[in-house]
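Each chain gets a letter, A, B, C and D, in the order it is written, and its residues are counted from 1.
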Amino acid sequence: MRTNPSRAIDDATLADRFAKVRALTEAMVSPLSDADATVQSMEDASPAKWHLAHTTWFLETFILRDFVAGYQLHDERFPFLFNSYYEAEGRRHARGRRGMVTRPTLDEVLAYRHHVDAAVIAALPGLPAAAVELVALGCHHEEQHQELLITDILHLMSENPLEPAIWPAAPKVPVEMPGPIGWIEGAGEVVEIGFEGTGFSFDCEGPRHATLLRPHAIADRTVTNGEWAAFIADGGYTDARHWLSDGWAWVQREGIGAPLYWERRDDVWTRFGLDGRRPIDPAAPVTHVSFYEADAYAAWAGARLPTEAEWEVAAAAYDVSGGNQLDSAGPVEPRPSAGGPAFFGDVWEWTGSAFRPYPGFKAIEGAVGEYNGKFMSGQCVLRGGSCATPRGHARASYRNFFYPHQRWQFTGVRLAKDL
Amino acid sequence: MRTNPSRAIDDATLADRFAKVRALTEAMVSPLSDADATVQSMEDASPAKWHLAHTTWFLETFILRDFVAGYQLHDERFPFLFNSYYEAEGRRHARGRRGMVTRPTLDEVLAYRHHVDAAVIAALPGLPAAAVELVALGCHHEEQHQELLITDILHLMSENPLEPAIWPAAPKVPVEMPGPIGWIEGAGEVVEIGFEGTGFSFDCEGPRHATLLRPHAIADRTVTNGEWAAFIADGGYTDARHWLSDGWAWVQREGIGAPLYWERRDDVWTRFGLDGRRPIDPAAPVTHVSFYEADAYAAWAGARLPTEAEWEVAAAAYDVSGGNQLDSAGPVEPRPSAGGPAFFGDVWEWTGSAFRPYPGFKAIEGAVGEYNGKFMSGQCVLRGGSCATPRGHARASYRNFFYPHQRWQFTGVRLAKDL
Amino acid sequence: MRTNPSRAIDDATLADRFAKVRALTEAMVSPLSDADATVQSMEDASPAKWHLAHTTWFLETFILRDFVAGYQLHDERFPFLFNSYYEAEGRRHARGRRGMVTRPTLDEVLAYRHHVDAAVIAALPGLPAAAVELVALGCHHEEQHQELLITDILHLMSENPLEPAIWPAAPKVPVEMPGPIGWIEGAGEVVEIGFEGTGFSFDCEGPRHATLLRPHAIADRTVTNGEWAAFIADGGYTDARHWLSDGWAWVQREGIGAPLYWERRDDVWTRFGLDGRRPIDPAAPVTHVSFYEADAYAAWAGARLPTEAEWEVAAAAYDVSGGNQLDSAGPVEPRPSAGGPAFFGDVWEWTGSAFRPYPGFKAIEGAVGEYNGKFMSGQCVLRGGSCATPRGHARASYRNFFYPHQRWQFTGVRLAKDL
Amino acid sequence: MRTNPSRAIDDATLADRFAKVRALTEAMVSPLSDADATVQSMEDASPAKWHLAHTTWFLETFILRDFVAGYQLHDERFPFLFNSYYEAEGRRHARGRRGMVTRPTLDEVLAYRHHVDAAVIAALPGLPAAAVELVALGCHHEEQHQELLITDILHLMSENPLEPAIWPAAPKVPVEMPGPIGWIEGAGEVVEIGFEGTGFSFDCEGPRHATLLRPHAIADRTVTNGEWAAFIADGGYTDARHWLSDGWAWVQREGIGAPLYWERRDDVWTRFGLDGRRPIDPAAPVTHVSFYEADAYAAWAGARLPTEAEWEVAAAAYDVSGGNQLDSAGPVEPRPSAGGPAFFGDVWEWTGSAFRPYPGFKAIEGAVGEYNGKFMSGQCVLRGGSCATPRGHARASYRNFFYPHQRWQFTGVRLAKDL
């Protein structure tokens, strides 16, 4: 949520943005059947229908219920079903059983969306500033769920032995193999990181604060599929020396030997994507790797992962709205880069930093305050945004976070080293 | 399968029966959405769509593929998806992941059914006797899955916090509370049990063989909901003395305190059914109880469960086609009995007999031989058929079997005692 | 417990028997350290110290506490620690945590034994008949625990990578390989089984009752290690057709490919025993196989397991006190047979019968009534006694029982077939 | 290991230190029986015998084997048993099965110790500098295991329903209740942290490096048992708002409602310790709390945990050799403080910092390099040393680390806040 709640927001602009965000979500589920939208493929993932409804519940609860006099819930049974984790909002359906909810149907959930959308748009002109900000927050919240929606659908389809493609493949544009990594050097100095300014940010991105860097270099591109295949070929997954102890235990226990969705078929590495199973593109950024894998790769490569401060300082010089990010519904995936260094899009980049509060961080009061702060243990920070991140959603200060074993998001690796 | 494979079968009769059986299955899924038909609510249950497809795979594999020259599989990817447990038929999708198969859709599965139905009907006149028998077996196999389909749908709906009713409630016919149990006495003598005759039976029902009964009495009706509520009120679930050791551990571990689907609401026992949640009917047979519960109830009541031989001998005098069995799609459930003793319909009755081979049992050669024999450990025999058993499917010699903790089927209790 | 409680017992004879039984138990633990006697190697097994104390608690509770006026418990904290499963005797230490009890020490437990032994011997002349019977029951109970003690120690030692031998190997007596199985035929007729007479028996062995056999033959010896090696070499553990469904799942899940304690070393099958790891003796009975393995072997061999009635009728003609049974502490193990058919000793023989109550069975009132009856679900009957069964303990009517996957007891296989 | 490997070490001093450290370990196990020393109470803990042997294996492997020509292993089977986690040293016994090793006995392990001790002392004068350093490392390694030994024994005894005291209680010295927390302020400035100097340190304590603090205050004492009881009384364990999401899930799943070893008896909070179960001392520092609990307490108290840099800078002004640390074998436990602020001893203090490498950290080559670096994920840093930390072992720069749910160590809480 915003660090700067008093700024002016233009209602018409917001209404337009709201409509576009909500529409993109629905475009993304357009190829899904009711069944596709209902099944939960693992505890970490949620059904598409749940994402559609939860983001709507968020708007209905924190805006319509709290700020619109006389508003009646669309269905009083929905809060129990579609609250995610807000303890202050009362009891809720067990996360691992979200896939049991075959009813309401996809169509009924879409009707719920349209009802709430109309109510928000109608209410917008009369909302107090605090509620207007919640509309903006609702848009950002929805964008986060767009990305989860894509990755959760991908995971579900990967569990179907038929390996359905839900989108036709994008046309292939031949791209040269990227050359060797170039290194962007950074001095040892006190710098400031964290969000500052008049736009939107999440609470965990602030306060902006000084931090001390040491002399270092950060790669000008992420690791490619081709480089990852070399890591595998060199025994990267079978040599304990590269691995953190927890990572090695995970590799052994889960039988991990390649990124998620990779399979060796007829002596060729393939990956499963929204367009089905296809050979990997050696020039494209590797994705669907865990923190453990990222760290092991870096150790194998004689490098390390960047800290989030190193990343943020380096990224500040690059265009946050460039690169391969989500613009429209379709078979998103990391793509080979045509141009020079880029820090946004394609894959979220694991950093070596634990997701902990910045100095001076205070969670906001009330249910919305459960947004980020309570997740600040055991997770790692990722930076940059991916091919599934709506363009405009990420920032240089944006802090994404996942557990070190998770890899169903579009997660990749950028190297760094000490100077 | 038949014990008497050489008997004549009238093709027209069989074709008619085949069409009716297949149609009833589809009528039963008529209120289901694609999503309803896709989700798997627990490892023991299967998605409705899977039942629809698996029964079709059975026909396609053992009849069309094996006996119809030039038959092309409707979809060569389906055997992997829809084989249940036939090891001889090769690898198959993991049972616990059946709910991941959002595609093919329900409509596509129905198209698969219609394709195979047409092919079977077309082939029927030219099939050799062995294949004709497999058509008859396919009908019986389908009937078994009709019952599973109903109970699996019920379980799925029970997992939805909204507790949807998929059928309107049947009109209530007022019935008097049943009087005290009457006891049907049986002598100590050598009797014969097991299937014999010219009709169809499953391999595990034979060979017919002599067995020795001891003097005993068997109840003329099953235990009612009202009687079960008295057992609960008397502390039946909290007194270890009534319980088998494994049963007591199950009660403790799972927190069991009432039949499945029962909940206490506003000081009234309710049950969930295909018509939603409603108060229990104290006059109706109790159902959704496990073998452990059945055994504990019998111990509490100073009785025991009947052996399967006692049951079969007693049941032989009653009308196998009477009682509350499945005739058409709708909100089936056990109902209070209007008349005298009955042994068929309403609920499957747990016996005290382990599901083991009869003397002289030999499993049939080939994949179809995996039908029953390999399940002959750890399970208990149930007799009689339920409200979800297609009328005509059960026989006095019919042996159903489940593990002692399972209770999502329409399972109930008939008492017996020594004389 | 006795079926014939009114018979006379000679106190001096009983005192002598009591002393011998109690002494044998202690001889068996003589090679154990305090640590050896304390550790619990798995949930199914108990520490040796626990067996020593539990059998003593049994005597102290049901004889001294209940029948000796003024008796003070040796240690009032022991009942909580050493009650096994008697719900009527109150709360008790969790079975899986028995290995946490490093104190009392082995010496303290032996002191507990000696204290209770002296008190029982002193009380014996004045005990009422019911209590005298409990002394006899206590002896039989102790003998059961002697066998468990041996098998639990063996299991513990097998978990130590050093594979310690706790006894020196017995001298090897060269024995010829047994010839082909001979078949003992049995007629189809009504026979009586179950305990009858004036001696001791457990409640589950009765009532004696008529049962109907069919024409059959039962092997005159058990399956040997050499025959089992042939089963393995023929792919017995990798061909699903031989296996019950539950058994096949067990084989897959646990990675089973040979009897427990077998390992292939330098191309030779070895087994671990109380005398350490040594090559298998191909002429000796195979042991440490589960019911699932026994059933699969029988299927592979074109035979079946005997019913417990077939076994009991055949065994009645043989010497219950012959064969390889436990006489003294030492490295017991199944041995090749020198002579003709034998039905007692070497290995417990899996039957095809589920452990269920005999017709007319009633559990005794009170805590001692929890002895057998409550275990009558999910387990299989074994007959005959093993090399670890104290000579004099087993009878033709004796019913041992274990779950179908268990195999740390000395369990083996005798084949049968229909005629 | 040392950051400064070239410094001179006085052999006589080192020999003396070596002897004292090794002797203290043995004094600590003096009240243990063979059984006490053998049992493993949980996966996180190891048997006392294992600690005794593992520390000896460390010396034998990295000093005697690698640097003493002609040295023969005391027992060539021991490396498999007593290697902890050094992948480079080959296969090893599964951590969770350490408690199965009843043999070698405690006496045999002590003989192993004495053999290796003598060999090390004899070899010392002739060892090269690198090996001499490994002797020093071996002493520090042994001290770490002394602390684990104490906490693992405590855990084992707590699992015994008899709750044995292995030491008599220390005499109670009456101490006044501590007054309110005083706050030590720290400026916002660049400081240096990490080890520097000529003494010993572990690799993870360096390199010394600059870091930027923000204005803050850190408490002058740790939280007491009395304060913790107030937290409980105020519903601290039942209000989700105080808790990190992972912590709340842990509280729910494990049923946590008080520090480990606390039990409410007769309306009094008691704790279990090496001297048995006794009432808590409200003036003493709370201990056996997890990071999750520490963080929740801080949130409830309106404060936060200190960063490790804040802690280290504040602690630098205090006497590292003061306070309640381990000097001799006995019933160690946190004690009320008599004097002013102290930063060492009593309890390890959870910081808010994740255990990650310092800038420029490089793990040492070879097996010893597995010492710390590979554990740098998922764990939290603790500072200060406890009542079970050998005096002289800890330093201001010392970084201890555990997973956020672990609490069987002497772990406590010091608060901090922003200024």
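Criterion: a contact is a pair of C-beta atoms (placed from the backbone, for glycine too) under 8 Å apart; a residue touches a chain by one contact, two chains touch by 3 or more.
Model, not experiment: these values are computed from the prediction.
Visitor: By mean C-alpha position, what chain is farthest away from chain D?
Guide: In terms of C-alpha centroids, the chain at the greatest distance from chain D is B.
Visitor: Superimpose the Cα atoms of chain B on the matching ones in chain C and note the rotation angle, 0 to 180, in steps of 5 degrees.
Guide: In degrees, rounded to 5: 180.
Visitor: Could you classify the chain A-chain B contact as same or different, where same means more than half of all interface residue numbers appear on both copies?
Guide: Same: most residue numbers at the chain A-chain B interface appear in both copies.
Visitor: With chain centres defined as C-alpha means, what is the inter-centre distance between chain A and chain D in Å?
Guide: Those two chain centres are 38 Å apart.
Visitor: I'd like the Å distance between the centres of chain A and chain B, where a centre is the mean of that chain's Cα atoms.
Guide: 46
Visitor: How many angstrom lie between the CA centroids of chain B and chain D, rounded to a whole number?
Guide: Distance between chain centres, rounded to whole Å: 59 Å.
Visitor: Where in chain B do residues touch two or more other chains at once?
Guide: In chain B, no residue touches at least two other chains, as defined above.
Visitor: Which chains touch which?
Guide: Chain pairs that touch: A-B, A-D, B-C, C-D.
Visitor: List the residues on chain B that touch chain C in their complex, please.
Guide: 85, 87-88, 190, 209-212, 214, 240-241, 243-248, 291-292, 295, 304, 352-354, 356-357, 359-360, 374-378, 404, 418
Visitor: Could you please specify the touching residues of chain D with respect to chain C in the complex?
Guide: Against chain C, chain D makes touches at 33-39, 41, 77, 80-81, 93, 97, 99-106, 156, 159-162, 164.
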